[in-house]
Structure formats: structure tokens, C-alpha cells
Amino acid sequence: MVDATSPTAGRILEGPRGSKPKSRLSRRNIFLYGTLLLVSIYYLLPLYVMIVTSLKGMPEIRLGNIFAPPVEITFEPWVKAWAEACTGINCDGLSRGFGNSVKILIPSLILSISIASVNGYALANWRFKGSEVFFTILIIGAFIPYQTMLYPIVIILREIGLMGSLWGLVLVHTVFGMPILTLLFRNYFTSLPEELFKAARVDGAGFWGVYFRVMLPMSIPIFVVAMILQVTGIWNDFLFGVIYTKPETYPMTVQLNNIVNSVQGIKEYNVNMAATLLTGLVPLVIYFVSGKLFVRGIAAGAVKG
Amino acid sequence: MKIKAALATTAAFISASALSAADLEVTHWWTSGGEAVAVSEFAKAVNEKTAHNWVDGAIAGSGGTARPIIISRILGGDPMAATQLNHGRQAEELIEAGLMTDLTDLAEAEGWKDFVYPSSLLEGCTYEGRIYCVPVNIHSTQWLWLSHDAFEQAGIEVPKDWFEFVAAAPKLEEAGLVPMAQGQQGWQQAIAFGALSISVVGIDTWSKVVVEKDADVAGGPEYAKVFQASANARELARNSNVQDWNLATNMVITGKAGGQIMGDWAQGEFAVAGQVAGEDYTCLPGLGLNQVIDTGGDAFYFPVVDDPDVKAAQLEMASILISKEAQVAFNLAKGSLPVRGDIDLSTANDCMQKGLAILAAGGVLPNADQTLSADTQTQIKDLMAEFWASDMTAEDAQARYASIIASAD
Amino acid sequence: MNINSHSVEVRDLDLHFGEVKVLQELNIDIHEGEFLVLLGSSGCGKSTLLNCIAGLLDVTDGQIFIKGQNVTWKEPSDRGIGMVFQSYALYPQMTVEGNLSFGLKNARVARDEIAKRVARAAEILQIEPLLKRKPGALSGGQRQRVAIGRALVRDVDVFLFDEPLSNLDAKLRTDLRVELKRLHQQLKNTMIYVTHDQVEAMTLADRIAIMKGGKIMQLGSPDEIYNRPQNIYVAGFIGSPAMNMIEGRIDNGHFAGHDLSLPLDGYEFERTDHHAGPVAIGIRPEHVLTGDAVETAAAQAEVEVQIVEKLGSDTLVHSTLGSLNLRFRMDGLSRVTEGDRLRIGFDTSRASLFDAVTETRL
Amino acid sequence: MTLADTARVSDNPVRRPKQLFRNLSAKFASIPMILTALVVFVGGTAWTVAHSFTKSRLLPKWDFVGLDQYERLWNSNRWIISVENLLIYGVCSLVLTMVLGFTLAALLDRKIRFEGAFRTIFLYPFALSFIVTGLAWQWILNPDFGIQGVVRNMGWESFTFDPLNDPDIVIFGILIAGLWQGTGFVMVIMLAGLRGIDEDIWKAARVDGIGITKTYVRVIIPMMRPVFVTALVIIASGIIKLYDLVVAQTNGGPGIASEVPAKYVINYMFEAQNLAQGFAASTMMLLSVIIVLVPWAYLEFGGKKRG
């Protein structure tokens, strides 16, 4: 690893984690940044390839080198992916799915996060007999492949009359988002000082009072984390989206799958890549914009057991 | 004219209540180029000839992706108006559970029995004497597609059967071509295997195994030839590293590969590419060995719905799907054969004509969907996927095949 | 009997966490206006008891009364208590004023009444200039004042303090200690105060309850606790440096052990003066006589000085007498050094005598 | 106790309230969680397990056949390969994700410049679905157009890097994509954990002359146990569900070399229309999860009390 072990005088005073080195080209620095840059290539390569490919015309793609930048930049694949690509007989690209995805995302996001945060809060501060058992079941539930639950869920939704409705889908997202979110919220609320909770109870705040007046205002970071995780999860969902919706309300991922898997003649890699990027755009933007908050939120206690 | 008459009969037993326009959601997994054109013919027919609106619910991928979605929706009490399913044994249980609309009255009124040919198609839709689906096309899977361009490059004649094709392979390789294009997916490999088996051993032996499920025959010396042929095919396809069937077909179209064993739907791809049968490519039913084809195909089912408007519209739609005009338009586009024996397909190309001729001559086999359960078919697909991608010996593969047949249902 | 003379009563309180018995058969009566300190080392159950009284923990068995009302199963806010926590537990997103008024708003107190009470508490605690600030902008001492204020505005009968001064530095702790004392004198409320710091306990308490293992070892005034510890644990816990414990027997009105024979004429036996079994005598370092006073003592001995600790006000000497270690206090100006031999005397009238088996006072 | 006391206690009998009604709001608020746990997870699982003993085909039915489905399952070559693949993938993914995630976090924690940029680069793949991940890597690993093709075009003709078409290493081709997608999130968790370590620990280690690597291994990592537990839950739950990535990248191929259990379950449920076989396979998956998880979960989440 990094060579900073030699206890040269003065180093000790520099601070714990090697702080700013004196020389920009020290061996340690070359190693450190070298490693980071190398790893960055691994992480950036697919994105680079996707972007570059999506800007090429098909003839250029057939020439071979997927890493070469486009000789002639064309936005046609993007236009096609957004508005023209066909699935079956519908040729309106991804555009239709975008609005649907948003319509699915918003209520799912709100419901799943509200329920999971209240769960986490109850588990952290208001334990009752059996609460840990339910929580353990929930955590094990995180390991069940969703597909196994497909039929039972169909039956449950049918029985409560939500099959095929938007709310059925919202419910499914809430249920399957619950394990990890509840774990995060529970850990976060556990990490908050318990005396604060006690003080609020002495001050006469009940279950909801403490939650809304004391806990909630202190929990912005973890809500950001939950929101980012859920936006990603719900937006990227294909399985539930396709089963619990109808063609006119198919989310974007279903249309992405249709475009990518509808091979008409030859595979239009550029359109596929553009469609892929378009579909990933919402979560990507959220990550790029609020990545810092995400890290902070996780640091703010989501990881404390 | 006939259509109008059919519509009249349909309307006759649909209740007297005024028909109002309904949105008819139709799920299917026809999304490749030729398929999409074909399905739009149906959509056009429904939209133009009725007051109803075809809402396309295409789900890309194979039936494996689409089927759970379709079944979940039907089970969950949120059915679509109509859905593609392969007829045969797939829908039996849904019918049994009373989830599918009984079309018998309509079929009798329109006299389906009289014009659907071969009659096995309607049998596939029949459960305990009642009819539950509309067959829309006939697909057969015993076709060898050959690229004229490729053989020209290699400087040899276009082969006339499988064995000639195998003999020509070294020449193709010398010319830097892939002898046989083969998509690396289990179902395509199973098709190749099925085509080889019927062509190599003939109908009788084939029936003993596939229809009667005689494991001894399946493991016997006669069938060993099939596995030897499959092992040969595996060698020929060594350098074919595509996944999707139409990409493999595209290798044949562009002359990069000599040939491909694929169902008759490959024809649609040739058509989209503007190629002409007999000039640019050749098709050999039964791999040029046995003049037989199976009669699988697609069918439409109509799940039971509550909405009376939709109920009525479903019957109208069923009637249209099987009508002459729609059959012609659809099957020409899709490259499959129509389900009616009473239409003139002079516009059909060389390959379709060959298929029709075989049908007329009675060279008809039951389709795997009718003889083997999806479960057994999946096991065979798994075996084939493993066999084609590995160096498994023909003997090992045969032994395992025999054991699958032994437990088949 | 005047019921109201008891402000808080705890009856047969049990608290179990699974198999662990955190509080056992606990009984305690706290008088109106009394300042009671719960003292003990960590894990003794003192904070747990306080939390039970506050209603923040469900008891396993037993009853709790506040002002004659059975509050065992009442909500914390319905018990007429105010509580101050070690970590202050101020709501970080609210201003000082918000923190002070939060409980009153929850109790739906009229707005002008809230303003009045907040103003009064702020005045008492001298935090008026801080009212609009958020806790993050306050120093530790200021935060603790706000925390106290939060209890104050509730206008309650009983104040509960859970180690309120532990997070403060030494100087601030001393100041606030005095202030708390003054506050108690001014308000005359019942106060229950948990601490592990015996100086705080001795200076603040009307009575101290010393706890160990979920039980009260002794409940009494600081004076009683210090001078008449009821058992060896209390004797050893209170006082710094700790009491000298010498094991031996009672023989004919004398304590005999470690070659010492100490006459027990001046000792007030609480139970029996004829105890046959092994006993231990406890003598506080300051009750070992040195210098001129030695001559007046009925029993004397010569010790060897091992370590001398100069504390300024007095000098602490660690010495050995044969195999026995003895600590004692001398005047701050006395000149002893390591290795000296010193004569010392014992005053048994202020000693404590314990049954070495039951560890209780004789 | 005095007489007056006795009288008062009996005058004012406050019995322990019914356990059921204590903490009522909390219980009320937990109803969604309880329903999810009991109805969906326990109920759904029980339903699945029960039907694995039947011969349900397309639709769930009650035709009890005992352990037939399990016998067939364990005689299936594809299932055995799936399990082996999951084990290889699982162990590699768990270890590598942890090690890479931690190493990257440790590197980022060394007060470097552009930390935010690097962090974003490592994290962004997590925003993309497995489908997208699989497609992108399928593309990059394509022997003709991807890395192999490019290197060969540069003149190194014998260069071979074609994991997706080599049955022996195809699972590692999937691993490359899986790591790409998942390490960033674990890195963030690790980074958060590292930031939570008291600076004094580092000072103490410095003063004691403990090397940096050794400090990480001996001091920091043991202190980050809860962080590792959270990471473990998240990684492990992802591994067992591995499906989309395989479907998008190789669809189980070449042959059946990259099949995984979740795919077996789904294929048999829906493609083979043999629900019971799929249920039997998913029961086996669940069983292994439970055997590993329940004792651990009990220790981790169950026995602990606050305070």
C-alpha cells in the first residue's frame, strides 16, 4: 500500500491521514493518483463507449473500433431512440414511457419512503414485543428473488382489488423497497442520541409528535439517501413495471427492453445505446447532482449498526 | 364480400345491445422487422373494419419474457382483450380454469371447421370439444436457408439437401465464410436438432420418440445418427457467434454464412432485405431430405373479461383474424402459411409455395408444442444449449436425451 | 400520616431485561422538596431507576407514585416531571425559545402563558440573550442551562437530572453545581439527581441513595453515608482516598487483627457488641491520628511511609504496617518523606465495624 | 408499609395495562411492516414452498407429489451448474466488492484532490440498471468490436480476451460487469464508515508507530464492523438475486455455462411452465439463505438491547 509508514520527523504532526504532501510528485502520490486514474478508466469506459457509440452512424460502427471517437457526430440515434424507435407497431420511441415512469415514480417514492421511515423509527425507538422478529423477516425478505414472489403477489393484489392499477404497482415497490430502506432508517434513527427521544417524550410528544417534530427535521440526510436509492430502484425496474401496468402506461424501461430486444433487420447499436442512456438519464442526473448529499447521508448514520 | 358476411354472422349472435367502440389491448411478442409488419396488418384490419381500436401491447424478447406477463395479468383478474400464445398445450390450464373465452359458437357460425387446414390446427385450439383460440398462421421449423451469394463466393453449386451442404462446408470455410449460421440460444439449437432428427431418421422413427415417447428408440442406434449429424452441425457453426436468430439469418442474407436451419419466419427477414427466393436464397423444407413440415404456429386467445363492450369486440376481432383478407396480408408479411385451405396464395413466393405444396400433399407433422410439454421442451433446450456450446460427445447427449424422453409428458 | 410529605415513592420495583435483573425489589420514598442523589458506579441501575420514574422505561413489576398518584403506567409527560439529560438533548433544529416551549405547546398551554414561563425560566437561568439562537451556536454550559430551563418551564413538582454535569469541564461543573444548589433553594422542588461523582452527591444532596447491582445499598444524609456507612460497599465507595479496611475479630471489647488491638469503648454498636465471627474495621484516612494527637490515642502503632502525595491543603501518606496497607491524611505542611517511620494512633469512636461475612455494619 | 400506604395502594389499583395496548401508536404504525413481513414474505414464501411439493404446471394446483421436484432438481445438470456459478460469483463478488470498495474508500480518504470527481466516477454505475450494465459490457467484451478486436487491430493478432464466449470463464465476464455496477455503492458505505472513525485513533496508531496498512487491517477494519455488516447485507442480497445481468449479458450462455439459480427458477416457472419445479428451486435458494442468515440475523439484530 501507500508508503507513508516511515516515521520521518514532522510527519507525525501533519495529521492522521497523510494530509497534503510536500512534493506533488512524491512516490506516494504517483502511486495514489495512478491507482485512482487506472480504476477510473475501468469505471468510465462503458459510459464512454455508450456515449461515443450513440453519436456514430451505423456504417461507422460496423468499421469496428468501439473506442474510437465518432468521425462524424450525429444525433440521429438519439432522436430515433426518443421519438421514432419501434416496438411492434408503435413507433414513438421512449418518449411515451418517460411520463409513465414519472407517474409511477412519484407516488411509489413517497409511499415507500414514508412507510419505511416510520418502520425504522418504530424499530429504533418504540420497540415492542416481536418487532425485531418482523424486522428479521423483512431482512431475509431482501434475499428473496422477486420473481419467486410474482404469483403470490398477483394473488394478493387480485384479492385486494389493486391488480392492474397504478396503486398496485406503487404497493409492490413499497413492499420490495421496504427491507433495505427500513434497515437504513432503523440504523439512522438508532444512531441519533437516545436522550433526545427521551426529552421529547418528557415534553409530552407522542409517537407521531416525536417523529414529525423531532426526528424528521433531523433526518434530511437519510431521506436523501433513501430517495436516491428508491429513484434508482423504481426507475430501473422492469419486471414489476411490465407485469403490473398496461401498454399505455408502460414505464421507460419496458420500452427500452422493447427497443433493444426488437431486432429489426440489423441491431442498431447506436440507437440502443442512445435509448439506454436516455433511460438511465434520470438516475444518472440525480447521482451527479446529489452524489455529495448521498455520501453525506450514508455517513450521517446509515451505516451504524 | 366474405368478410362482410362473416361480420354479419358475428353480429347476429352478439347481443343486440348497441356496439360501442372499445380499446382492445393485444399482447404479443412479435417485434422483429417482418413480425412487426405482419402484426400491423392485423391492427389495420381491426381498426378499419370495426369501430374498435387495436392497442398494441408488444413485449419484446421471446415468449419466455412475455408469457409470465400475460399469465400474471390473466390470473390477476386484469386481462388484456386478446393475446398471442402458441396453441397446443400451453393454454390448457388457463382454459380449464375458465379464464379463456369460448369461441365455439362463433366458429360454428362461421364454419371454421370447413376451411381451416390442416384440421390439426383447430384441434390445437379445442379443449373438451370446445374451441378457445383462433389459429392465425402455420409455422414450420424444418427449413434450411441457403445463401446464393456465399456459394458463389466459394465457387460451388447451391446444395440440394443437408448432406450436400455438409459436403460443401470445407469449400465455404476456404472462402473465409462461416458454413452454418446458428444463433447461440437453446431454442434455436433445439430447432436445428428437431429439423435434423426428422430429416435424418424419417417420420416413423421420429414419431416413436417425439409422439410416443419411446426412450429405447431415442437411445437406440437409429437416433445415434441424429446426434452425429448434430455434432457435425456444431462443427459447421463453430464460428457463428451471434445470439439472435435474425442476426444469424442476416449472416445468410449478407452472404457471410452458407446456410442456417431456422423456421419459416426467417423468410420475413429475407423479404425485408429485399431478397427473392430462388434468386438470392434457397429454402429447403425438411432440409431437402424428407418432404415434411410441422404445423405449429401462433394463435390468439381471448381472456374472459367483464366489460360487455370488450366481450363483443373480442368476437369481432376473432372473426377478423381468421378472415381471408387478414390471413393473406398477415401471412405474406410474416412468411408463414395461412390457416385456411380455401385461399389462393398465388402472390406467395417460392418458399411459401413449397410449403403449401407439402401441406397439400399431406406431409404434415404435429408440432412439438402439441406433442411435448413446455417443461420437456425446456429440458431439451437446456440439453441442446449445453451440447452446442461444449464438446459433449454425441453419445453423452443421446443418453441424456433418452432420459428426458423417458420422463417426458 | 401526611401523604403529601412523600413526593415520589417507589414500591417493590423490578425491572428485567430478559434474564438480566437490572432493578430488584427496589423501595424508596422521596420527600417533598427533597434533593435526592442516586449515586453509584456505572451499571448500578441508577439511571435506569431514574428512567423508570420518568416513565421512559416500562417496569417489570412494582409501583411508582408521584404526589400520591400512581403513575406506574402513565406517559412521561403526564407525571409532572421535568428531566435534564447528560448530553443536554436539545432539539437541534429549534431555537432556544423553541426548545423551552416545545413541551408547553404539546400540553396546549396558552400562548401568553408560554411566553411568560419561558421569560421567567430564561431570567432565572440568565439565558435571555440566547433565546433566538439554535443549540449549535451555544457553549456547553449554555446548553446545559437551556436543558435545565426546559425542565423549569414545565412548572413541575419533580425534577429529574441524569448526570447533567458530566459533559462539562471541571471549572464549569463546579460553577453549575453551585447554581443548581441555589436553584433548589429558590424553587424548593423535589429533585432526583443521578451522578457517579461523589463530590456532587455530597455537596448537593439532602439524602443520597447509593446503589449497586440494582439495589439500594444505603439511603441517608451525606453525613450518615459518610460517617455511618451501613456496609462495606458504601464504606469503600464513599470517601477519597478510600477507607482503610482491616480484617480481624472482636475479642473482649477489642478489635484484634494484624497485630493490632484496638479498644472499642467509644464505638456505638448498632446491633450487637458480641460478634464471634470475622469482622472488618474501617477507618477513614483522616481519622488516623498523627503528630501530637497520637499520644491521646488508646491504640498506637508504627508504620513505614511508602508514598507521599502533597495535595496542598493536606498530605496523603501511603504506608505499610507489616502486611497491611494504611492510608492517612496529615497537615499540608508536614514534612514526611518516603522511608520514614511514623507513629500513628487510632480513634475507634469514629471507625466503622462490619461483619466480614454479611458485610453489614455492626 | 404503613396502613395508610396499604389503603392507598388498594384504593388505587393500577394494574399493568394489557401488553397488546402498550405502545399502541408504534404498533399501529408498524402494520404495513407487519403485513409485509407476514403476508408477503412469510405468506408468499409458505405458498411457494407448499406448491413446490405439487406438480403445478402453468397454474398453481394442489397435486401433491412429495419430493419429486427436488429429486429432479438435483439431477438437473443445469441446476448444478447454476449453483456452482452462483457460488463462484458470490464468493468472488463478495470478497472483491468488499476489498475494492474498501480500498477505493481508503484511497479517497487520504485527503486527495478531486475526491468528489473520483467518487462520482466510482459511484455513477450504481445508478444504472443491471440490464444497462449487461448490455454495455456485452458490447465492450464483444470479441469483434470490443477490447479484443481493438487490441488485435493494433497489431497484437494473438491477443485473446473473450470471456463471454468461453464457458470456462464466462462467469468472470459477468463478474467484471457486476463489480463495475456495485462497488461504487459499497465504496460510499465504506467511505462513510472511515469518516466516522475518530481522528484520535489515527493519531494513536501514528504514535505507536503502526504502519498505515497495519492500522487499517488491525484497528480500523475491526472498528467498522457495523459498516461491513450493512455492506454485506446489501451485497449478499444482490448476489442471490443475480438474474438481469446474466440475461442481458449472456442469457446463460454459451450453452448453459453462465446459468444462475434465479434464472433457473424463472425459466422453469414461466418458460417451461413448470411452476412447481421453479418453486422447488427457489425453495432451495431460500433454504440456503435462511441457513446462513437466520442465526446471524438473530445475533445481529435480535438479541441487542439499547441503553
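As written, the chains take the letters A, B, C and D, and residue 1 is the first residue of each chain.
To be clear about the criterion, contacts are C-beta pairs under 8 Å (C-beta built on N, C-alpha and C of every residue); 3 or more make two chains touch, one makes a residue touch a chain.
A quick map from chain label to UniProt name: A = Carbohydrate ABC transporter membrane protein 2 (CUT1 family); B = Probable sugar-binding periplasmic protein; C = Carbohydrate ABC transporter ATP-binding protein (CUT1 family); D = Carbohydrate ABC transporter membrane protein 1 (CUT1 family).
All figures in this text were calculated on a predicted structure; none of them were measured in a lab.
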Both-way neighbours, i.e. chains that touch chain D and touch chain B: A
Between chain B and chain C, the fewest steps along chains that touch one another: 2
Chain nearest the overall C-alpha centroid of the shown protein atoms: D
Pair with more cross-chain C-beta pairs in contact, given A-D and A-C: A-D
Cα-centroid distance, chain A relative to chain D, in whole angstrom: 15
Length of the line joining the C-alpha centres of chain A and chain C, rounded to whole Å: 54
Chain A-chain B separation of Cα centroids, rounded to whole Å: 40
For chain A, residues contacting two or more additional chains: 150-151, 155, 206, 257, 260
Multi-partner residues of chain D (each touching 2 or more other chains): 22, 144, 266, 269, 307
Contacts with 2+ other chains: residues of chain B: 68, 75
Interface residues, chain C side, partner chain A - complex: 51, 54-56, 75-78, 81-83, 85-93, 102-103, 106-107, 147, 150, 154, 162
Chain D partner contacts - residues on chain B that touch it in the complex: 62-64, 67-68, 71, 75, 90-94, 96-97, 184-186, 241, 243, 373-375, 377-379, 382, 385-390, 400, 407
List of chain A residues in touch with chain D within their complex: 1-2, 4-5, 7, 12, 15-20, 32-33, 35-36, 39-40, 42-47, 49-50, 53, 61, 64-67, 115, 118-119, 121-123, 126-129, 131-153, 155-156, 174-175, 178-180, 182-183, 187, 190, 194, 206-208, 232, 236-238, 253, 256-257, 260, 269, 272-273, 276, 279-280, 283-284, 286-288, 291-292, 294-295, 298-300, 302-305
Residues of chain A defined as touching chain C within the complex: 193, 195-196, 198-206, 209, 213-214, 217-218
Interfacial residue positions of chain D with respect to chain A in the complex: 19, 22-23, 25-27, 29-30, 32-34, 36-45, 47-48, 60, 104, 107-112, 116, 118-133, 135-137, 139-140, 142, 144-146, 149-150, 153, 180, 184, 188-189, 191-193, 195-196, 199, 201-203, 206-207, 209, 211-213, 216, 225-227, 229-231, 233-234, 236-237, 240-241, 243-244, 262, 265-266, 269, 275, 278-279, 282, 285-286, 289-290, 293-294, 297-298, 300-302, 306-307
